[in-house]
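Here is the structure we will look at, set down as structure tokens.
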């Protein structure tokens, strides 16, 4: 057969038709694939993240710190610039920021911190500090969920060596399944289904242990991940 | 140590294993003593030689089935079949039914035998529920968990529970008690260098415990480890756990000369 | 990648003699298993999740054609293209065609075992396109022209000095007096070199840990973030993945992700888990204009429905390697091809043939540790045994083995003859070896006595003593 697609699908159908499988290889129910796709039911969700909101946020912070992120809390979005300035100063980092449109004025009042130089847009190789907004957090593992889109260029998550992520406390979910449910409703697919171009789960700063198994932060992605939890809602564009 | 003298005695067929039969009968006699002390009546069918593992693991399913058939025939009619070996008991319990998957009659006979078959120590603890052995042993022991016994039959706590009851015996756990010793049947002679590295790793762990005695429940593992310990000039005494549990330690330790301590 | 699996014995010998490798493997086998144990202990549902992960894959494989077609439909609806490839050659051609159409000069790559299977780097180089490995470990071995030695930590066999020497040799912009003593400086050196390459690349080539039928997404898992720079910076994103990588829904992918990193490195979740869905959308400030998925068979349909079907559940976590005492002894290069450890020993003969890879399923004690730790509950020892059975049936087992086994089986089936034939030999050995308690040497026993003494048998067999002492009856 000259058509690889037909050949492969034919080979699959043949193999399945003649399959003699042990118990351990057989499906454990006779659910149809169409059913499974349509239902997209959650499987077992660990109990770990099933907490009330205060305990959930505490868990998120603990888990994020376990994977070497740093976390700060501010009572309102107005406090974000001050916290970012403090963080950069404490760590002797440059004060020029590349920020996602989603966290630009007036959402976050950067001009209140005159020492910060702020530019909007996608990341370039020379950027040193990137600031973006998380769609959600997952307390289970201290994970940030970033959605690509006009408000949040993906490159900001990876190119600058320091990454600051602003997240609303109310957006911290217990488990991943909660976040998928939100994404299905959020309409972030740019007109082509509900999935944006990229959904990034980020759990701590970039790392590698490729050199003699020694853990090093900042492989290709950011060396520093600073999470700022804001206790008021961020309006979504 | 019979549980209830009035109950009918448990009829056990002993699968003695080729290695015990040919190289170290005292283990077989220790097993018999332990079983009889626990109230069993023990018979040893004459028509037994091998469980079929060498053929099975080498891909010779035909011979493996022929040997298995012989075992199934020889051991029909016992309440239980007990073997002082995790790998042989595992072969009968786990693999005989698989060997006959395509033959319904033999499969059900294999299943029936599998259900009645146990490794010695787990039989004493889990089936007969013997909670003590009348024994003492002056020494520091470390125990090796043989792979088949551990992973196919779940034997881990049972030997330790019995060793715990032996007066004078101190147990020192290695850090790698569950690591494979490198025997693997024909593996140790087909890939001797790799096997050598594995057994050295195991022995480093054993020596680090400071124990003077190594025990395990499988002759293959024991011969392998005893042989390497001896080559490395170690004085660690190696025995099958049944020997210590039955307090039958007159035979020199595995690989040791008569008159060597222990 | 060219195979050296046929010379496994020599490969192993070399590996066993390599002290640096031994140290590296010790580190690996102490580190990863402990971390996995800790991660599992922190998640009470871990074993239940492994069962569910297995069930998800069993379901998918039973409907593999449906899910692949569903995946393709979603990708196409998003404006992406799926290329179906039966063989490595077709896949290489597909990737090359995409690169040529994009006018690519350099292609950044994140780690892809499929890429190794089809030797895509050589193919691109042959046609004047420069592939750049971006995973730090892969980058290092690319400079050294070595194959990976572990499926998730490809440079695990190297010391930092070896890495430093490689950088000095290959990095043209590296000042000779710049210190490369510490791993941190090595990392910064690699990061600096690769930064520009990420930005300049015309095409980004990634693997995929999973393909999601529901959304047409591909899942990329890294700790470094190199995959994310690989797909988000160039104009074209190409994914190469084998057929069995597909899973039904986002929720199913999530379940598998919960057991993946925990099994691999003991992390609860890898640092970067990315779901890529098609090319950039209107309004996106970055991302690729084109999205391609190259779907590869290369032997998978041959495995489907047969004796090695369950191997298709593998999610390439590497847990079996990390826990295997044979891998610990010889490392990944000894296996001679792309994969290694227990999963390699099962998969490689299926992909490159039993003649070439015949040693691999035999170099195992069937200790079962791999099956114990596999997150997808793959019965690896059983499949290794199946390969041995096929070798025996195809008369590929060595003559010595066949004769020896045949003789043993012949005797074993004739108990009286067995006792006669062996009883004498045992008695002789028992007598000769009584004083010493062991033999340092035995004729024909060199494979044993090369490294071990042979304990002296007691001399009388159990059966002969039992028959005499118990008079053939019960007490």
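Going by the order they are written in, the chains are A, B and C; count residues from 1 in each one.
Heads up, the rule we're going with is that a contact is a pair of C-beta atoms (placed from the backbone, for glycine too) under 8 Å apart; a residue touches a chain by one contact, two chains touch by 3 or more.
Predicted, not measured: the structure shown is a model, and the values here were computed from it.
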Each chain counted as touching chain B and chain C at once: none
Core chain by centroid distance, with centroids computed from Cα atoms only: C
Centre-of-Cα separation between chain C and chain B, whole angstrom: 33
Averaged-CA centre spacing for the pair chain B and chain A, given as whole angstrom: 53
Between chain C and chain A, distance of the C-alpha-averaged centres to the nearest whole Å: 29
Touching two or more other chains - residues of chain B: none
Residues of chain C touching at least two other chains: none
Chain B - residues contacting chain C, complex: 16, 18, 20-26, 28-29, 36, 41-44, 46-50, 52, 54-61, 63, 66-67, 70, 147-148, 151-152, 178-180, 182-199, 201, 223-224, 226-228, 230-231, 251-252, 254-258, 260
Touch list for chain C against partner chain B, complex: 9, 12-13, 16, 325-326, 328-330, 362-369, 371-372, 385, 387-393, 397, 401, 405-406, 408-409, 411-413, 415, 418, 422, 426, 434-438, 440, 447-448, 450-458, 460-463, 465-467, 470, 472, 474-475
Residues on chain A engaged by chain C in the complex (per definition of touch): 4-5, 7-9, 11-13, 15-22, 24-28, 31, 33-34, 36-37, 40-44, 46-48, 63, 67, 101, 121-123, 125, 140-141, 143, 148-150, 153-155, 157-159, 176-177, 180, 189-214, 216, 218-222
Chain A contact footprint on chain C (complex, rising order): 24, 27-28, 31, 43-45, 48-49, 52, 54-56, 58-59, 61-70, 74, 77-79, 84-86, 90, 134-137, 140, 153-156, 158-160, 163, 183-184, 186-187, 191, 194-196, 198-199, 213-217, 223-226, 228-229, 231-233, 243, 248-252, 254-255, 257-258, 265, 267-287, 295, 297, 301-302, 304-306, 309-310, 377, 379
